[in-house]
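Shared between the two complexes below is chain A, which pairs with chain B and chain C, respectively.
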Partner chain A sequence: MSLPTRPLAVTINGHRRGPIDVPEGLMMIDVLHEMLGLTGPRLGCGIGICHACVVIWDRDDRTSEEVRTCITGAHFFEGKSIRTIEGIARRDDTGRVLALSPVQQAVLDKFSFQCGYCTPGFVMAATVLVERLARVPVPRSEVEATVSAALEPHICRCTGYVRYYQAVRDVILATPGLTRDAG
Partner chain B sequence: MSLRRRRVLLVASVILLAVIAAAALALHNLLAGKSGGAIQAVKAPADVIARGRYLAAAADCAACHTAPGGAPFAGGLAMQSGFGTIYATNITPDPDEGIGRWSADDFWRALHDGVRRDGQQLYPAMPYTSYRGMTRADSDAIYAYVMQLRPMKVAPPVTDLKFPFNVRLSLVGWNLLFLHDQLPAVSTGRSAGWQRGRYLVNVLGHCGECHTPRGIVGEMELSRSLTGFALGRVAAPDITPAGLAARGWTASGLRAFLGGATTREGSAFADMRTVVALSTRNMTAEDLEAVTTFLLGDNPPPIGPSPFDKAQVQAATTGLGRSSYVALCSGCHGLDGNGVPNTVVALRNNSTPRLSDPRNLIVAMLDGVGLENFPHRKNIEAMPGFADKLSDGEAAELANYVRLTFGGRKADVTAADVRALRRK
Partner chain C sequence: MRTPSSDMRSTPGVGSRPSRRQVLRASLIGSIAVYVAPLGSQAYASLFEQQLLVRPDWDAAAGVLKYRIDGLSKVTGAKVFARDIRARDMPHWPQQQAHALVLRTTRADCSYDGFDLSLLGDELKPDRVVTANDLTRDGLRFPDFYGEDMLLPEGKTPAYLGQAVAILIFQDFVRFRFAKEKLQFNDAVIRYGAITGPLQRDPWEAVRFVRVGGATPHDDDVFSSLKDAPFSPGYEKHEPVWPAPARDGNLAARGMYHASAIGEELEHPPADWVVLRRRYATQSADTAALEPDNANGWYDSEKQELHLVVPTQSPQEMAQRAATMLQQSRIGLKQLFLHPCYTVGYGSKDSFALPYYALVAAVYGGGRPVRLANDRFEQFQAGLKRHQFNIDYTVAVERGTGLLRSLRAGIIANGGGRKNVSDLLVRVGATSLGSAYYFPKTDVATTAVASRAVDAGSARGYGALETMTATELMMDEIAGELGLDPIEFRLRNVLKTGMRNTQGAIPTGTLRAETVMQKARVHPLWSGRLARKQVYEAAHPGKYYGVGFGCIQWRFGNGVEGSLSRVELAGDGRIAVFNSGAEIGTGTSSGQAVACVRWLGRPADAVELAVTDWTDLPVETSGDPRKMSQDEQDRLAQNPRWSPAYASASSASNSSYYLSHTTREAARIVFVHGLWPAAIAIWASDAAAGSRVPALEEARWREGSLTAGGLEPLPLARLAQEAHRRGLVTGAAVHGFNRWRWAEAEFVVNGLSVRAPIDALSVRYGEGSDASAATAPGRYQVLDRQAVFFPPTQNYNAMVGLSTAAGTLAELVVDAASGQVTLLAHHTLLDCGTMLVPDLVSGQIQGGTATGIGLALHESMPLYEDGPGNGTWNFNRYHLPRGSDVATWTQTAEILQPLSEDEPPKGMAEAAAIPIMAAIVNGIAHAIGHRFRTLPVTPDQIMAVLG
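So, the complex of A and B:
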């Protein structure tokens, strides 16, 4: 018995991939891992709770959001543009990393993680947040609450979150244009 | 006479009766009302307190008399009504903020007549309309239980409705029209279990307060008892014998559902999750059996055949609704709609897609469903909402696919139905 397939074409990290034949009921995490060689997004709970598997969906209106790939069918992404953790750092034409993103660097500098399984998810959430604040800054007094709200759905089982939250808060406070004075 | 004229007439008579009756009854109530007074010290035997605790759970006092994150029974929950926001009161024995100065007689009058200790009328958000059928012994036992709770010095927000609804005296007229000693039975039966079930459902459980349609002045329309009503965002479905049977509910399924399990027919969500968590799951096996005996009757109607139309189901397997289902739902609910045991509810034969009204299905798709904790460490994990991922048209197609394929219902949901339910 063979599974019915449909062609799937997705723009991932700025490169158009596919069309490839993908079984219709396959979740996106499986396609990323098994068919596209992108193993950065992690499969954790498999039921949309832990958020280790999220990718960034860049919508046509230039907003972006996290999507859980463990519970979202691959064909949901047909024709859409997404970023995975592999596409966050700046790279040269050969794929060599030139510079980590400020969020990635801060997470390293703060020793935010131990095992690192949840890290791709946290970095995606923080990246979406930083990009959103560049469009719509928040008062400095609300940064703490904003970071908490953005990272809250992500689950970490080793470190107790504090250093993730500190890292993201510091990036936001240190980056011009993400915050404004209250009033 | 047209329905409209009848309603106008009804409103007119409510006002007239209220004015006349208020003069007499309310004057009496207010004269008899008390403030201040001695702090009650209630000494009751342990078995009476235990019985009161059980009855308080069966009557689900805590569901409304507890604010989100607040101390149990300390009040503060905001209840939206068509007449304004009503705040539940503190019923812990604090002498100033709670009912610490109330006697057993005062307590009984609140439950039986809807009158506060100070003589003011209660709004029927407090279900004295159902509790009126309670025995004095049960009222006294609940009183004995709540009076030994730890007093909570918490002042809930004060209910402050706009005119004319802030005239509590008008409730005297309302009560003359709508307060009944006994609510009608929705099934037929004579057994002891059925009798006990009638008391548990109609009186203690006050099921009709949500499941019975309400008229224009907020009264329960008893001629349509338990046929379902949307008091809030999620509708309380039809729980008459015919309504339950049409959605495939059996006595054992209902018992399991009320006892706190996830069943073939689904798990409790929205307000009903609170009911199961705080109330029904604490009932004895005998009482749960009595509840289902009353809801279905001594001779339950045959379970409605799954009204699946094979040709339509086949046609639906290629549409846009199916694509959305595979993309957004199948990861958890499965391609075949069978869910994951104890983790994700099945959609196939689930009670919600089997409702003729698509409201609850659409609301669940748009808003998602919160995490549900049930006894014995059973969790139904939170379902995300898809309001931002589905257009009105796509959501309607998806709802139709789920209704047709898993619920055996007509694919009659339109984009306008979805638009009407989107949060503003």
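So, the complex of A and C:
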């Protein structure tokens, strides 16, 4: 096959993967699903609307942000470091889950999801939000609005969102340093 | 991997309308052995729920489940969906994964003349192209349910937009991906010929339900569907032609006689009647389950085995249809391995066609596993849709009393290109429109039309959502006409317990719509709405404030429900449940675990769903349970293994009642014939207990231990150990059948006569028993029932059993400048019996109301050329409700307390979606004074009114 390829090396969930030959123009979600076996970031729409496919890009300045892998070419991630839903919980060498992240635990405690197809996207968005608030806390009175704004792009068909939003709010309010008194 | 035993028989589903004898003891369908195969490896961990589930974390003191038992897998991104599975996850499969796509027509008004793949060049050329010619040569055709032309032959006019013409198979992903990019949205690929116009076909169904009640709601009917029957028309030029009325004619003629009389009375009503005629329309919509349809299959030609990983709401049905499809072909097949996974569908994965295309792709895959997975554009183009409804109501009400007197309805639902469940769905819609109200006379005619639209299926609400919403809009209109408060008007007409519905049947159980209405009437959202409107609008110029209400009495189930469950107790007290239902995201697995609590004191430790191997519980079925005569049923019932239906597909609303019924009954058998006698024996040996033998009615579980009359609480583990030691009953497998009430049967268990609401029973005795009593492989003893009491066949026409009451108040604001509607808050009142898992019920209400909001305000698609069949639809132009659309932080709900502690759980997920639709539209009327009758109500519609 003569489709042009370029090498791709990405750090995923703390492990350097590649370089592997990836055809130019392939989206990152296809690399994750078909080449790396990471199917947690889910294909919902394929056009960047539903946000079920997001991963966290850990930037060099120690900030993090969501990136939609269904509309982002794989080579955008060359040399970058990302986290997928599979890397959010703490695991042992065999991959067994040792401890959930606070966001995952809250989502589980709150019965936030039903089918769970969108859950990885919500967990990633909430994780990025928590990490942002750790750098820039918000007034406690603005937590609900902050959660709403952060999760608004994510589509869930089953739940009506309430329990996702409540779970993330509760994590933020219970985690020292994410909120501040107004003023 | 297990090998087939010589004594395995098939597992058809009721949805397949079995027309021939089907013996159901295990997994042999015709000559093909069918497995829902435990694999025992990485794929096993990925696919099979017992590995994905964790032991329930049960708070015994509070009596609640702490987590969904499938939660850990879902929150950590584990491979839980069929969509996640690739060949490499299946250790016994070849590891090279091939990929397939389906070419589909985007026109249905001219002949299909082939396709042109030259734009792919040599590099992206598919490795295999499958067309109708291949299928014809190899004798592969759709299961009967799906009709003809699985792949459309050249020269024919497509029956509908998006009809499949070819399957392209690529042996690697990259070429598949880039080829698809070139093919998608390219109108030059499919060639079309002569203009023929769309196909004209008879409707999928037309049926009429007429009732003339007696003097009071409790008297015998003069004519009704239950007393007599529904009837159907003939067709002329594809339009229904109803028979001529005749007072003493046949059923249809008599029905038309009464229908004509109702019509005549509405045309020339008594002086104090107000007669309103209104036409309502609901939209075609996508179910929009986030997991698009997909399947992954491998055909091993050497061993003649087919392996399929599938998402499905009905695994039994799929096993039956897939095996039959292959058996009737010239493709050699000895064994079929089916791997159902967690899924979500809202009806779109119930009787859907994609797995059969995947099956074909696997057969032509050249020995490689082939994955067929829709992207969202393809899902819009080919996934099952919600029926579009046109509803024409004429309602008469007595002005002086405010009592409903008569209703005539003409309902037309667009079923699209294939019949699917349209025939059943329009019946449900027609027989649900009475909802929470009593009508002395009704004439309801309904038609499911065949069209070139994409197939419509069993979308959430199943036809009732549409008709009940129209009814609720009509209730507000009539109340307005009479100058009555809308809830006061509803209360005057509410269907009370013991009254007859529009079929002349008396719903089972206590009807609680009245309670819902009474609570809504005094809720601050309603009682203060006029004052708040003034205050709000004064403070917010350019905004119109409104509050609306909707209420339904919603029956769940489809009139033919079958369910199997097996409950087993290990010697250490661990409980395992096996059930025929599938997990579709609603928490079925958690619910089944909790269904054990009533009799075993705590939830099951392990739950396996989508079980199709019921070797230990031989049940046979034959005939069509919906159409068979009473004589036929009586004759077949003489076979002690026979039941009218086997296992139902899973839906959001049937798991809590229909599926958990059998689990609860199996647990009851284990308790009554295992744990209870074990407890008596232990207490009898305890000197402190004295000589008194407690009665079964005294038994109580307290924090996992059994007590009675103050006797020593005995932990389940101790009881289980004793039951095993004594050889008592430690496992039970049961089958239940429901035709708006449960079949009952008598059995002899351990010498004791038992009557239970089940129709088949096998029991397993403890380790200390004589194993020779076992008559089935799993040490089970199959019990011949001594007598059986099936619900009469006429009961099918009742179309009502237990039902759920739900009402919603919606508080909203309409923006005068944009026509945008913003929900400020909503409050739902729900009666759902005894909740199995309260957190799941609450979640279902929240999810259901979001669905209703979407259908009231946002979701809609054209049916035809501009609609999803053209392959260009996605979530960029189909707005699913977001967090900001659903009043996330301000919505509330109240669950009515169950009437008694043993009231069964009722189906509720779909019920919560419906009343909010009318509440919103009625609320808009309150806000701007205009009643909309076409859904969704869009800003454009509103601006057209506001000017």
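Heads up, the rule we're going with is that the second predicted complex is superposed on the first by the 181 of 183 C-alpha atoms of A that agree within 3 Å, B and C clash if a C-alpha of one lies under 4 Å from a C-alpha of the other, contacts with A are read in each partner's own complex, and residues count from 1 in each chain.
Everything below uses one rule, namely that a contact is a pair of C-beta atoms (placed from the backbone, for glycine too) under 8 Å apart; a residue touches a chain by one contact, two chains touch by 3 or more.
In this text, all values refer to a predicted model and were calculated from it rather than measured experimentally.
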First (chain B), second (chain C), both or neither touched by A:Ile71: first
Contacts of A:Glu152 with chain B and chain C, given as first, second, both or neither: second
Touching partner for A:Glu144 - first (chain B), second (chain C), both, neither: second
Chain touching more of chain A, residue-wise (chain B, chain C): C
Chain B versus chain C as contact partner of A:Arg163, first or second or both or neither: second
Which superposed partner A:Ile49 touches (first chain B, second chain C, both, neither): both
Residues of chain A at both interfaces, chain B in one complex, chain C in the other: 25, 47, 49
Touching residues (chain side chain A, partner chain C) in the complex: 1-3, 23, 25-26, 30, 33-34, 37-47, 49-50, 52, 84-86, 88-89, 97, 100, 104, 107-120, 123, 144, 148, 151-163, 165
Chain B residues touching chain A - in the complex, by the definition given at the top: 323, 326-328, 330-332, 335, 340, 343-344, 381-382, 384, 388
Complex contacts: residues of chain C adjacent to chain A: 66-68, 70-81, 83-84, 86, 88-89, 97, 123, 172-175, 177-178, 288-292, 342-344, 346, 375-377, 584-587, 837, 839-840, 842-851, 874-876, 880-884, 886, 888-889, 891
Chain A - residues contacting chain B, complex: 24-25, 27, 47-49, 65, 68, 70-73, 75-76
